[in-house]
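Chain IDs A, B, C and D follow the sequence of writing; residue 1 opens each chain.
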Amino acid sequence: MAVRAAVAGASGYAGGEVLRLLLAHPEVEIGALTGNSNAGQRLGSLQPHLLPLADRVLQETTADALAGHDVVFLALPHGQSAAVAEQLGPDVLVVDMGADFRLKDAVDWEKFYGSAHAGTWPYGLPELPGARTRLAGSKRIAVPGCYPTAVTLALFPAYAAGIAEDQAVIVAASGTSGAGKAPKPNLLGSEVMGSMSPYGVGGGHRHTPEMIQNLSEVAGAQVSVSFTPTLAPMPRGILATCSAAARPGVTAEGVRAVYEKAFADEPFVHLLPEGQWPATASVYGSNGVQVQVALDEAVGRIIAISAIDNLTKGTAGGAVQSMNIALGLPEELGLSTIGVAP
Amino acid sequence: MAVRAAVAGASGYAGGEVLRLLLAHPEVEIGALTGNSNAGQRLGSLQPHLLPLADRVLQETTADALAGHDVVFLALPHGQSAAVAEQLGPDVLVVDMGADFRLKDAVDWEKFYGSAHAGTWPYGLPELPGARTRLAGSKRIAVPGCYPTAVTLALFPAYAAGIAEDQAVIVAASGTSGAGKAPKPNLLGSEVMGSMSPYGVGGGHRHTPEMIQNLSEVAGAQVSVSFTPTLAPMPRGILATCSAAARPGVTAEGVRAVYEKAFADEPFVHLLPEGQWPATASVYGSNGVQVQVALDEAVGRIIAISAIDNLTKGTAGGAVQSMNIALGLPEELGLSTIGVAP
Amino acid sequence: MAVRAAVAGASGYAGGEVLRLLLAHPEVEIGALTGNSNAGQRLGSLQPHLLPLADRVLQETTADALAGHDVVFLALPHGQSAAVAEQLGPDVLVVDMGADFRLKDAVDWEKFYGSAHAGTWPYGLPELPGARTRLAGSKRIAVPGCYPTAVTLALFPAYAAGIAEDQAVIVAASGTSGAGKAPKPNLLGSEVMGSMSPYGVGGGHRHTPEMIQNLSEVAGAQVSVSFTPTLAPMPRGILATCSAAARPGVTAEGVRAVYEKAFADEPFVHLLPEGQWPATASVYGSNGVQVQVALDEAVGRIIAISAIDNLTKGTAGGAVQSMNIALGLPEELGLSTIGVAP
Amino acid sequence: MAVRAAVAGASGYAGGEVLRLLLAHPEVEIGALTGNSNAGQRLGSLQPHLLPLADRVLQETTADALAGHDVVFLALPHGQSAAVAEQLGPDVLVVDMGADFRLKDAVDWEKFYGSAHAGTWPYGLPELPGARTRLAGSKRIAVPGCYPTAVTLALFPAYAAGIAEDQAVIVAASGTSGAGKAPKPNLLGSEVMGSMSPYGVGGGHRHTPEMIQNLSEVAGAQVSVSFTPTLAPMPRGILATCSAAARPGVTAEGVRAVYEKAFADEPFVHLLPEGQWPATASVYGSNGVQVQVALDEAVGRIIAISAIDNLTKGTAGGAVQSMNIALGLPEELGLSTIGVAP
């Protein structure tokens, strides 16, 4: 008996990616596809890479259109998920790929997003300690942001094991799809090809409080984060270069042991052999995560680096992974750790 | 009962791509992986995107290593396939992704490849008239070249239906993976990013006689081809822009009807709606083909354009598709028409 | 005594490029810079690569703002140049980088641009026979389109010398800056990186009648053109792959002799040595043109290929070159044939 | 009276870039061009973007070939400069773009480069306090590495003014030309396009001791550096994201005042207005440097970010700038702060 899934916001990048993955999911049947400004258009003109859905037509995002599904994926602009979710009833699994239900602290939400806090849903990063239990059977899932996914997976083992001091310093490079499909001059191909540039410098990026929340939780103490995102000339991928001072007495072997233990049973996180470093191309289109860690003894810092596909593991793949857990399906169903390279 | 497959030349781009596809194939079990200069190395360091095979180690390409498989894929430099194939016995399905057995004319082979002609195997382009019959049950398959795949699919309906005059003019742009993984200065990222350049101009490209062979066969008469390949700043994809003079009396509706009929039942070829044009991004990593055709009435030419992924439909996907036919499996098994975009 | 130059439309790509070149021009002093929606903004935020002009502020495009200059460059949307030019008086050199005054045939203009024909100004492609005479002392210059520049330079020697038959078949790849700076979804970096796609197929591109006009003029007879433009994943550059049937009796040596003669004294056009082919990277940011030509004897076609920078020789560099001629300055002043590579 | 300049290593990227700049230098005449494996070849085939030098032929790198010049630029692999420099005599200005004479500490040299230390020459980063005095009249110049140029310019004002604590954390992204022109599989276009990846993680990169040397010198105390370089999918450019803890009491205004003072009279360093951040595209092909700085008050860190062109300001432009100073020419002669964008 198939799981019937609807996607609200099917014309954007997150919506397109969740459809790409659901098409390959053996237990899911794709139901309603909705949009707003694009309602009435063929998906073939909006998402020409999804050939099997080319003749599907977008409906308006209404409660009626979304009714009658087992799962509804929300790929909406920030601030719009709560109103839609309320209309869906408590028995429908609602997976929000937006930011609305990620933060626990209403003050943080209001500071970074400038609107009233909608609430907090179980956080869909299964690799975090205790997360799978919270997700099992849940009817609401807040999918993590793309940067917090990459950064948390790189750093949480160190903070959970108590080998890293406070203040993580993070510089991450993201492909342009992370900035969405709404056309802006600075996202034109002419502008981004051949260029690297930072943005949201100095703590202003909305994903910063989410990283602090995750790392502080596993550390059992407040962790501060210096986060600088940069825009890289590629469509997909996040490379997160993270570091923190090592606690006194920490050794290179000790660091490695912590990470080996943390990821030993993880189906999607691949701790690379020593000496090999992550590359975003290796996880292109895949739900896999490449992680490597080292202790720079000259400066006493743990350097942890992760590579993900921001649209897959960083958004839609993470969403499907959490859906599988919530529905009691095998966690890996319909997901792959094989990148499209070169 | 699984089909056991070996790959000779597993460290290159064609070898890596066939492994990527076989990993997703429900009836195939991956057996021996061989290389030459890379024998003894972990696949994880050579093909880091194939996480499930990371710990596999390459063997030397010997008859012993390749023995005991149902299918052997050859991803070897031109001229090396015959010697390996001879050792494999007549009951093993041998799928050659090199050029060795594509051409029927030994003189053409010697002119373009400069060595003795190895022979001719059934040609693995299932969409060509009669091809599926020739492939069914065959134990030897010559996988078409990437450019001939794109060009033949764009033009064969016009020549088969007799609506195009002789002399096709073709300009195709290919991603750099088509040039292989052997490092050469002109293929460095520094050289190719931001640059378009032609090569093999004036009929010199080795894929030209293969296009002539295909188009002449469906036309029932000699078709001449002016072919100019260009190198585009992208890793994957071929966009083939093809044209030929329309026969007198041909109409735009007539052209469209010919193409609709040719591709009506094709699982991998997608004739786009009128007004929409192919883009290589739409078939990134997929076995799909986007085709569009128009009649430029001002000049009396049929313009047919196709987009493929050179490594998937243009090489390894085409190989798996033909393998499925040869083994009596469903033709689409393990293959997808969903591109990884954006 | 410096030439004082104003630029109307200084916030776009053509406006930015003409400023880049004028900054390096020893006889030009940069005067008023105007825009419309961007009036009042610092140029440093709109064109951050033009550091010496960072503190200049855009004015509105009015007759007053543009008054008092020796030269006014118009980098305006199609259809807006005539109204501005009228206000500038007959003694000011007006260089229009838009399309408004390129075409001689009012019917063609109306068909392709959908508005009333503004007129015809001396055509700023100095390399065309007789062009320098027409440009010397002129007070009005219509700068050619980027594609017509590349295509005309590749093909006019063949048509002028009578060695090519009618019907040129042209496939050209352009960098994305050719599509301008107005944000559109299909021009997002996420969409264009990794993708090649055609547009305006079947004779619909507005640059087609301009190519026909140029080639027919040198041929002394109507030349028809099949033109397919494609969008390439790079910010700058046009590679034009052009071909036409060779007249009977034409030899490879004859073709080469024609091109050697045509470009022998041209300062910006570089006929490459035999066997070397153009690459857009080689003319990145330069006013140079790389051309190569061959006779494909198997099909009887002349293949002529050119590479330019669409913003430099294809727009702003061509504009400055023609300005130099019109003002009686050395034609090469302030222009370079050195590309920025790799 | 022109300065006569020779370039040893004219076929590589550093050699090509210094030629590109010298061609635009009004006081320089280009003399001998030498190479090793490429001796005897036309420069037109090796550096096709340098059209004015296309017919020049490379000589072997010998004392005879390099004799009779006022300036010799060395663009040689590490470890080869000393032997060539010795043969040139004390009156010739030798500008070494390699690493051989950058480090003062022989132990550091041996640790990071694995060979005997050749010595230390005046360090060609004119923006450092006291550097111009040391360079004036010098006959030997060690051009800084590309990463140290970007990092030092971003951070030295903070350390010189005593507003930053020890331990700088740096993550830098470089275009692929920084890795040179020798073909390696990981530098193929197919590998680098669409991918970000780190290398030399954990303090292993050879440029780390050079950064430590520069920052420690201006700080008057040992500064430690955590440096992670990453390879970005672009041909040129370095974006260096640097941070360090702010000393107690430091304010945002104080930080800005320090940087404004440091760069007030610098012709090539452009401190951006508040809120605007560097982009490598803005300095593409230029000798300009974009710098921005902020105080992240939530974490008490100074974030300083710079963008340079690794081949221009990061190598050949820095070399020409220092040559100008050494020869008593205006420092900006032949150099530009105008980037080629978009």
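The rule we apply is simple: a contact is a pair of C-beta atoms (placed from the backbone, for glycine too) under 8 Å apart; a residue touches a chain by one contact, two chains touch by 3 or more.
Chain identities (UniProt): A, B, C, D = N-acetyl-gamma-glutamyl-phosphate reductase.
Note that the coordinates shown come from a computational prediction; the quantities given were computed from them, not determined experimentally.
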Item to check | Any chain that touches subunit D and subunit C | outcome: A, B
Checklist entry - Is the number of contacting C-beta pairs greater for B-C or for B-D? => result B-C
Next on the checklist: Report the chain whose CA-based centre is farthest from the CA-based centre of subunit A.
Outcome noted: C
Checklist outcome for this item: Whole-Å distance, C-alpha centre of subunit B to that of subunit D, is 45
Checklist entry - Measuring from the mean C-alpha position of subunit B to the mean C-alpha position of subunit C, what distance in angstrom results? => result 37
Item to check | Multi-chain contact residues (two or more partners), subunit A | outcome: 13, 175, 177, 181, 188, 190-191, 193-194, 233-236, 279, 281-282, 284, 341-342
Checklist outcome for this item: Listed in rising order, the residues of subunit C that touch subunit B in the complex are 167, 169, 171, 173, 175, 188, 190-191, 193-199, 201-203, 224-226, 228, 230, 232-237, 239, 241, 243, 277-282, 284, 292, 294-299, 301, 303, 305, 307, 342
Item to check | Touch list for subunit B against partner subunit D, complex | outcome: 13, 175-177, 179, 181, 183-185, 187-194, 233-235
Checklist entry - In the complex formed with subunit D, which residues of subunit C make contact? => result 13, 16, 20, 23-24, 42, 44-45, 47-52, 54, 177, 181, 193-194, 235-236, 270, 272-273, 276, 279, 281-286, 288, 290, 336-342
